[in-house]
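Notes for the one structure printed next.
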Amino acid sequence: MVGYNTPRMDDHVSLYRTMLLIRCFEERLLAAFGTGKLVGTTHAYIGQEADAAGVFAAACPGDVVFSNHRCHGHYLAYGGGPYPLAAELMGKSTGLVGGRGGSQHIQWRDFYSNGIQGGIVPVAAGMALAERERQSGKIVLVFIGDGTLGEGALYESLNFAALWKLPLLVVVEDNRYAQTTPVELAVAGTMAGRFAAFGIPVWERDTTDVLEVKAAATEAVAHVRGGAGPASLILHTYRFSAHSKGDDPRSPAELERLRRFDPLAVHAPRLTDAERQQVKAEVTAAIDEAFTRADADPLPALLSNR
Amino acid sequence: MATVLERLNHALHHAMEMDERVYVLGEDILDPYGGAFKVTRGLSTKFPGRVLPTPISEAAIAGIAAGMALRGLRPVAEVMFGDFVTLIADQLVNHAAKFRWMYNDNVRVPLVVRAPMGGRRGYGPTHSQSLEKMFLGIPGLTVVAPNVLGDPAELLQAAIADEEPVLFVEHKLLYPCQWLEPGHSELQDYSISKMGSERYPAFTVSPVFTTTPHLTLACYGYNYELARQAALELTMEREIFCELVVFSQLSPFALDPLLASLSRTRRLLTVEEGSLSLGWGAELVARSIEAQDGLRVRRVAARDLPIANARSLEDAILPQVGAVVRAAVELTG
Amino acid sequence: MVGYNTPRMDDHVSLYRTMLLIRCFEERLLAAFGTGKLVGTTHAYIGQEADAAGVFAAACPGDVVFSNHRCHGHYLAYGGGPYPLAAELMGKSTGLVGGRGGSQHIQWRDFYSNGIQGGIVPVAAGMALAERERQSGKIVLVFIGDGTLGEGALYESLNFAALWKLPLLVVVEDNRYAQTTPVELAVAGTMAGRFAAFGIPVWERDTTDVLEVKAAATEAVAHVRGGAGPASLILHTYRFSAHSKGDDPRSPAELERLRRFDPLAVHAPRLTDAERQQVKAEVTAAIDEAFTRADADPLPALLSNR
Amino acid sequence: MATVLERLNHALHHAMEMDERVYVLGEDILDPYGGAFKVTRGLSTKFPGRVLPTPISEAAIAGIAAGMALRGLRPVAEVMFGDFVTLIADQLVNHAAKFRWMYNDNVRVPLVVRAPMGGRRGYGPTHSQSLEKMFLGIPGLTVVAPNVLGDPAELLQAAIADEEPVLFVEHKLLYPCQWLEPGHSELQDYSISKMGSERYPAFTVSPVFTTTPHLTLACYGYNYELARQAALELTMEREIFCELVVFSQLSPFALDPLLASLSRTRRLLTVEEGSLSLGWGAELVARSIEAQDGLRVRRVAARDLPIANARSLEDAILPQVGAVVRAAVELTG
């Protein structure tokens, strides 16, 4: 697995491994919901794997990340292990945050997520300010969806980030829908214009090819790390699963058509058969172990009133 | 028989049909999805021009609704999860709730914001709260919550007909509950009387097997279910008899039905799902004591903690039937 | 005085009269603060008169207006009388809203104001929706300052206005400062870009000439009234008085320099001496009457708890 | 002798000097203006890099402060008028206050938001409120208010040193008040003792001329002034003797000092400037009654109305000394 202290691998095999890890983790997770082992809901990242894999191939291991409701892919690509995430999702005391947060509210090292759309962006901007003031050399990456372009807190934060030249990279993952709402009903004007208005440079790609994502992210990250202020990376992509569970207005035909853009399928030909099989075996084993181990873990109890 | 969800949905259909000033707006409310909890299902098909799907912009949704209301429409806005009412706090407190009085009663703001609140579904810290307590006691704002004793449809229609801005709090677990149409109470041996205001009535549920119940259980919304179960257990296993007062109107506080019951029982136990401190129950206790010296009181509510995702933790944080029973025993002990 | 039912006058004399009415009203008001007759604070419009006069020469009498903390000029140019405003400012029962609102919170016919920055914009957008649905033919004008470009609610509203093609005109009065904060410290990127991001057309003028304002406003109003959706009108101007009372970081030299742009001085040469004297006499009499009458009015009492 | 304003300003200077992780941010805080109420005066001259003037964006100010706090700084944010805390409700409730617990105590959020609250200056409905009640009882959020009995500088420094997010409520009328340094009390014949937590103490002000005061007056912040005047009047003109309990920490509620006083007086009168319903006093009453049966209680607070601009109306809406006196007479009658 990609570990926190391992130098980030961004060769073809590593990128494939990251994407497959996300894919298999999420598939296993969705299946687990059927067994009643999980409570609540979850938002699978399936279809968007190239974003996380590409972006984190461009970022540094210690960079700070604020993610959202659809955070599993970001966390895994960032280098988080599948076991504590699985345990968290099963509500176990060994989970990332002891079962307190669940799917949308996780924290590990310099990675954070929260389930309130938009409100995470000012927090990320504040983190970026802190990293700059503390001269840590770290930048902050914050992930939002197309729908989150609706939230006012985003624009307040962009203004600050630009005025104060904060080391903040805003990654917009446009999967063309916010829950069931297509972008056409929710996003007026252009996405790039939303950043340009504040003088924030934009890297925009319509692709599910992890190499293209990585290339764009590398430029955007370099801009931010260089101290030139914030940047935005707009990635137009597709989500293949439902928004959370069962909320998908799209037709089977549309979904079928989207499969052509499967980031794993796009990237797979760059690996040999043997490499793919090897990766598949590794990933399967890791996920099996993660879920099996988590399953056996104890439930958390409330010890004290804080 | 109908569920609360069906009644609420019916109310919206009916209101839109009867009054073309009624508009519905919110996130993901279009058919076939029909809203995260399906309360708006069917509306966009039937009234396409008056059902407005919005971007994810809670503050603007509330503000736009306030503007519509000021200019003659009757908007019903949905906040997808009640946890996000924090995002409309400014619009409710510093705009909608103030306009009428601040403008010397020159204007009206007939606006309804519907907010699905509550936990017990494993949605975690930001999708499980009962934040209505932040909006109780805000001058100019009415807060209302349906329950299974009154017709949820009537209540929502009353809110839509109200000239004041109304925050309409729907507990998520209430949606599948059956509305207990008159005569269908599952509380046999109890009589139910409608009390208080015509518009947002309270319900007093009195045991018929005694004229001197031992304590008054006050609650609203879904917590009637906890209170009911506790009352049954207390009757069966402890011979402690409860009178229940179930409120529809949470704010402004109008406690006559409660005071009437307390004059009989002299003991008050409040039950709510929001966190304890400065929750709904606090004002009930304060007003009751101000009105009647010497009462004994207890409150059951969530612990003063965020609501965890794991079921084991969530159960320990949110109030349970057992806690109601224990508090009642203490109170009568 | 310009009355509600009088057809709007927009000849040179009328425009001058409107501007002078605002100027003299505000000067009288500031002086009155010295006498202890007034409580609280106020935000004078002095210097910005061309904005209000020009915009309302382009709007229709029944159009809906949402104004802000600096609302007196808008109200007077809209056609409101000085007497009930003076009474409101003195906290009299005969005031516009019976003394309940005071300087920042007034309401008269289709005119409204509130003292919360930014939050008035979604309300105005909702009003615009209502006017369109009720087919009143009215448009809604909302006034904000440069500083208010910081508030997220604005951007949420622009998105709605553009998506729903609302008959909303957003007037930005950029007087180069928000209280004591210069625009350079508070507004990243460009003002026009903030609207363009949502596909909202922009009319932008750097002028204190009421005729130029009126010309731009006429185009913007025509766009909005024509049903083509929202528009914005960005007016770069100057405020001559302090933000409210005594909060002015600008040097006397800077203020002296600004006087060159006095909208009254710019417009005055278009009138004859006789016209100017006539207007001056009218305005003085009206304001004298307003303040004298208001002064004699009774204080409000709290009758019931609603 | 120093004013509360001077002490608060001193605390910020001191905190910035002693700890370079302390940053101050807010609207119009740069010199020479130094903030709408001058609490931040001189800071930008002395610590130019760590005083951050912001655009008008309350939500982002709070969120940025939370992010700074999460990553090792100690931000002190100013909300220009406390009325605008509605705009930071989401950041406080769903972000800052939740992070520590929700992330399993992995993180700390040492953040202070300062908010000047209160009326009586003729600022009208949106610039005169005491909205802190909306944030009392929010799990994970500490709410604190200075008063003239404790050193406001110490209190603010304690808030800055706190690992939890703190909402620091400053009544505007408190700024020019003199801090009553120990030994300088204007309440002769009263003894003042520091109670409760070391960090955010409460003060019990006891008459020395009697061992059996008739009632306990509970208050915080500027309302100590009303309570004090009422207590003097009650003593002089009615021979009704009050013990005052003045809180610095409003939430979480920690009522030991109050309960100690109530065990002597058995009568509680709460005084606050926020509107009555579900105000601070409600929770005091509820907790007191839960702890001690048979207390008598009254609350004095603002009417449940917006705060008007006209002085005559504002005076009728906000609580006055006379109302405190009347309630005390009623309570002891």
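Every chain is named by a letter (A, B, C and D) in the order it is written, and numbering of its residues begins at 1.
In this section, a residue touches a chain if its C-beta (ideal position, glycine included) is under 8 Å from a C-beta of that chain, and two chains touch if they have at least 3 such contacts.
Small disclaimer: the values here were computed from a predicted structure and weren't measured.
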- Item | Touching both subunit A and subunit C (chains) | B, D
- dist(centroid_CA(subunit B), centroid_CA(subunit D)) in Å evaluates to 31
- Note on the structure: Distance between the CA centroids of subunit C and subunit D (whole Å) is 36
- Chain centre separation in whole Å, for subunit D relative to subunit A (CA means): 41
- Task: Can you tell me which residues of subunit D touch two or more of the remaining chains?
- Result: 54-55, 57, 59-60, 83-84, 87, 90, 94, 98, 101-102, 125-126, 303-306, 308
- Query: Which positions in subunit C touch two or more other chains at once?
  - Reply: 98, 100-101, 105, 114, 116, 119, 149-153, 156, 159, 163, 185-187, 306
- How would one label the connectivity among the chains shown: line, ring, star, complete, or other? complete
- Note on the structure: subunit C partner, complex, touching residues on subunit D are 27-28, 30, 32-33, 36, 53-57, 59-60, 83-84, 87, 121-127, 303-306, 308-313, 316-317
- Query: In their shared complex, at which residues does subunit C touch subunit B?
  - Reply: 64, 96-98, 100-101, 105, 107, 112, 114, 116, 119-131, 133-134, 152-153, 156-157, 159-160, 163-164, 306
- Residues of subunit A touching subunit B in their complex? 38-41, 88, 91-92, 95, 98-105, 114-119, 147-152, 178-181, 185-187, 247, 249, 299-302, 305-306
- Along subunit B, where are the residues that touch subunit C in the complex? 23, 52, 54-55, 57, 59-73, 75, 90-91, 94-95, 98-99, 101-104, 106-107
- Query: What residues of subunit B sit close enough to touch subunit D in their complex?
  - Reply: 83-84, 86-87, 89-90, 92-94, 97-98, 101-102, 125-126, 131, 133-140, 251-253, 275-283, 285-286, 289-290, 293-299, 303-306, 308
